[in-house]
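Below, each structure is written out as structure tokens.
Look for chain A in each of the two complexes below; its partner is chain B in the first and chain C in the second.
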Partner chain A sequence: MQKLNKNFLAIGAGFVFLVMAVLPWIINDEYMLELVIIFLINVLMATSYRLVTTTGDWSFCHMILVGSGAYATGLISKELGISVWLSIPLAAGVAALVGRAFIYPLLRTVGFGFFIASFAVGEFVRLVWIKFQIPFGGTRGMIGIEPPVLGNIIFYFATPYYLMTLVLVAVSLIAMYRLEKSPIGNVWKSVYEDPELAESVGIDVAKARTQAFTIGSFFAGLAGALLAHRNGSIDPSVFDINAMVLLVIWVVVGGSHTIWGPILGVIAMTLIAEFSRPLLEWRPLIYGSILIITLLFMPDGLEGLIERVSRLFARGKQQVTPKES
Partner chain B sequence: MSILELRDVSKRYGGVAALDGLDLQICDGEIRGIIGPNGAGKTTLFNVVTGTQRPTSGEILYNGENIAGLHPSSLARKGLVRSFQRPAVFGSFTVLENLEIAEYVRYGETPLEGIFGLGKSKELRSEKRALEILDFMDLTPFKDEAAANLAHGHQKSVGIAAALAVQPKVLMMDEPVAGMNPTETRHTTEIIRRVRDELGITVLLVEHDMRTVMKLCDNITVLNFGQKLAEGLPKEIRENNEVIEAYLGVEDDVA
Partner chain C sequence: MDWPTFIQTIANSIVASSIYASIAVGLALCFGVMQMANFAHGEFFMLGAYVVFVLNAMLGLPYPFVVLLAALFVGFVGLVVEQTIFKRTRGNVLAGFMATAGLGMILQVIVGQLWGFALMKTIPTPYPETVSILGAQIGVQRLLIVPGAILSVGLLWYFLHHSRIGKGLRACAQDQEAAALQGISVVRMGALAMVLAGMLAGFAGALMAPVHAVTPYMGHAVVLTAFIVVVVGGMASVEGAIVASILFGFVHTFAATIFDSVVASMIGVVVMIVVLVAKPKGLMGRAKA
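Coming up: the complex of A and B.
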């Protein structure tokens, strides 16, 4: 039964990937493709954020780690003149290092304290970007971050950049999914459920939290690097508290029990953002209401809603299953 | 030979000494009970030995090695494992998974091994031992049930089973029969005795239920005001006047 489910999942995911791989030739619309690129990057941000929360650490500095990746790839490719193909993975590594530095003091806090303290350390880094013209460019940020080039394919165009993003995001998602299904994923979950009990059965809670935070930071940095090379420019306001709140909304609306939750959240909120375009000035109000409604009526997010509905349909079958005594 | 030894251990909170120069020796293979009136320092002693709190001064020797101030997780990996007074389980895990988590830790995988599925734990992980422990604890019928759905008493059993899965040499139990009815108490007492007899694990327990302590323990240590008041066989403790006084108080009208 479980194996069947697994195969079904793999086939389904493979099918979605194939459809997305030929998407540029199906929709043939630069603007739409541009949206899908941003959507994919947002998916990576949201899923990497959820990875951190699996140990129970809801941080409020994830966008700063995204920004660290973005600034890092900008500096490495522009100032040091290193190939973009190298600077993107390097940027993810830099973000992981920044995350590693963040988590060290943050380990002393849990729950709400962690949330606030992470905001503080993140804001410190963001103020550094604003204060230092050299090398970060101050409030105006960095411009002229070149897209990669491969032979005569220029990734400035949407289609090649889209395909590159799709592959990188897909690989990241598979890596995160497998990590969560591996013993390490279970260790992280146990830390979330009961840190005291986890310690008593030999789990080093500090180490587990550090691992999850650092790995989440790595993928956040990757998302940031992809964002920087797509937009060509970045500035500190891209990674400010508004962006962070939106990130939290994605994960809360979608649900955080599985990796699918944040993906659902990003899909839902992207659709809402597109359709609420005429109501631009009302957007914060709309987003805020959505967050509150979600918290009140579906605390497990869209993913929990889907599970509840499917259980409703499966109820008839359940009763037949004999109970082992 | 003593497997666990406390030498002149003190724990102070400001001016108050919860433990005051305590010396204690636990022999390999015994069941030792720690009792005492409220505020005697039992819980502090438990926390200090399990690594939850760091002693202010003194040495805690485990197989001759000073372990004072080490984290609970490293103590657990050394074989010094605790169980909880509350029914502590990983609720969303099945009963079997609750036991297996200890095995994952033993083979400590790196994240990359996890991503590529190269970890050793999958092959080395023997469900067999976890199943044996479940059988030992009479939990086999529940092995695939989510731990959160079990009854209170069964959850406590799962807690003990999970502690056994860590392969302890010393099992430290915080009020193992607290909140249990007489049947459950008898069952748990039986299990603790079998843990020692059949698995050869030294047991150190802090308990309020005097009848259980008297029946179960080989030796009993009585604490009062952070110091050792008495130590000996259950029979000796029962007849010790100082202990009776500490529990019941001294009558004032001596004159």
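Coming up: the complex of A and C.
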């Protein structure tokens, strides 16, 4: 994928954006539009999760950061009465702060230890939501989170909410993409590839990991805020381990080498979720099988599969050096 | 807290520590020997309980015999998982972990489809009596878990320290390359570790079945706590896992008695964070070069 021409990519992305911008008038179906809104929010969750993993820190608490954004915007807009237009960015900031607090003890761990420890600190926050009826509403969570209003446009309706989500997600994706291509992104990548080597050339590994985690948390919080104002209600079970496993499945199935991987993963799993609707009881089995098959037979995900197929067509060109996992 | 409650809580703490230990030790062993992080370990525990449910509660086979069968059966499942999943994800801990997470989901659905999802299975307690220790009433079946866990973990410890193969396992855990150079088959040791871990989990599940809610999801809650215990103990250390199990068993049970189970889980996380900040390698983790 990275071999694609840069201009071609920009034009392609712009075209997709334009098509999606007029989508409400093409499909004209509330249910479909609702699905696409959730899809866009999921894309933001998956890509922000992947951003954190660029330093090699696979966390297991990303949904908690999404939830932090959701609870934050709920509390700020409902309890403090602050405009939703302000509470959404504030909520993303709160999630970034929560992420910043998480990463402090987590920096002590790497690899698998990081994964489990991040689950534990995330679970702590989820238990706080369950434990404190005031202000979090306990196990029943929070209801009546109002959608934003702009003049006489009420964002309760799918079309305006869809357009708002589309713009915010597109801006976030561009920001994450640019960040990854910037010197900061290169530092993150070097930390992933060889932390000791990175350290020996003067890179502050702890700082890089903190940056990636905090920025990823910010976008996770944004996704959570968008989710909260769309659904109107949230509760701790929305952000539990099952949701986290689903997030991992998106990124694993899609691939995590580029920002396109998680997007592919969300597309694939959304389609599978829709088609497996009659088999609700069997769904974990289907997801589990997909996860195992992906990990065992295509460890680079759909992204890697596409790359392999496109290499078949471009045969005769130079051999690409095999990547190490 | 009055005296009988205190004694009762101590007894419950010991029971909880035993359960944590018999589950966490298997995880630590697999992680130490071959860097295998088995998320389906909780489902192994669940399978052990279901073997008791099917053979004892439904078919009426004698309980001690069924417990033994459960350990053997789940040990065999461990071998199959090692051969199919961990062999292919070697060198990538997270891939193995996620693939076994997928396996856990599959096992839950299969068991649920066969014997029902929501209904809690009741298994007749083979030892319904209670004994009175220093004024506290404790069910014999719950009390049996303690010698059961000590026996199984003790046997494992003896095996690891006093048999040739066990020493080979520990050698692998210390340094795989050096162990391979001594002629130890690292691949076989990985399979053996999974069999042993499976047997321990199956045994624990079978012992717990009469006093625990038997559902397809019973392993889910257990395994994450067990992983936290293993991280606190130092990831690859069997001894560390035992010490951390006792620590968590007491902290969790006392906190749950004084406050409630939510607070107890929160205190557990705080303990983990304190240990990680103070000793990043865990309680008994070896500093690796």
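As a convention for this text, the second predicted complex is superposed on the first by the 311 of 325 C-alpha atoms of A that agree within 3 Å, B and C clash if a C-alpha of one lies under 4 Å from a C-alpha of the other, contacts with A are read in each partner's own complex, and residues count from 1 in each chain.
Keep in mind that, in the parts below, a contact is a pair of C-beta atoms (placed from the backbone, for glycine too) under 8 Å apart; a residue touches a chain by one contact, two chains touch by 3 or more.
On a predicted model such as this, the values are computed, not experimentally measured, just so you know.
*Asks:* Is A:Glu199 in contact with chain B, with chain C, with both, or with neither (first, second, both, neither)?
*Replies:* Touch status of A:Glu199: first partner only.
*Asks:* Have a look at where A:Arg108 lands relative to chain B and chain C in the superposition and call it first, second, both or neither.
*Replies:* second
*Asks:* Taking the superposition as given, does A:Trp282 touch the first partner, chain B, the second, chain C, both, or neither?
*Replies:* Touch partner of A:Trp282: chain C, not chain B.
*Asks:* Does the superposition put A:Gly14 against chain B (first), chain C (second), both, or neither?
*Replies:* In the superposition, A:Gly14 contacts neither chain B nor chain C.
*Asks:* Given the touch rule stated above, what does A:Arg178 touch, chain B (first), chain C (second), both, or neither?
*Replies:* Once the two structures are laid over each other on A, A:Arg178 reaches chain B alone.
*Asks:* Have a look at where A:Val187 lands relative to chain B and chain C in the superposition and call it first, second, both or neither.
*Replies:* First partner only, chain B.
*Asks:* Who touches more of chain A, chain B or chain C?
*Replies:* In the superposed model, C touches more residues of chain A.
*Asks:* One more residue to check, A:Pro135. First (chain B), second (chain C), both or neither?
*Replies:* Neither partner.
*Asks:* In the superposed arrangement, what residues of chain A touch both chain B and chain C?
*Replies:* Dual-contact residues (chain A): 325.
*Asks:* Can you tell me which positions in chain B touch chain A when the two form their complex?
*Replies:* So the residues of chain B touching chain A come out as 50, 71-74, 76-77, 81-84, 88-93, 97, 101-102, 104-107, 109, 111, 113-117, 119, 121-122, 141, 144, 159, 162-163, 165-166.
*Asks:* Looking at the complex, which residues from chain A come into contact with chain B?
*Replies:* Result: residues 175, 178-179, 182-187, 189-190, 193-194, 196-205, 211, 215, 324-325 of chain A touch chain B.
*Asks:* Can you list the chain C residues touching chain A in their complex?
*Replies:* Those residues of chain C that touch chain A are 31, 37, 85, 88-89, 91-95, 97-99, 101-106, 108-110, 112-113, 117, 220, 224, 227-228, 230-231, 235, 262-263, 265-266, 268-270, 272-273, 276-277, 280.
*Asks:* Give the list of chain A residues in touch with chain C in this complex.
*Replies:* Within the complex, chain A touches chain C at residues 58, 105, 108-109, 111-113, 115-117, 119-121, 123-124, 127-128, 130-131, 241, 245, 248, 252, 281-282, 284-285, 287-292, 295-296, 299, 325.
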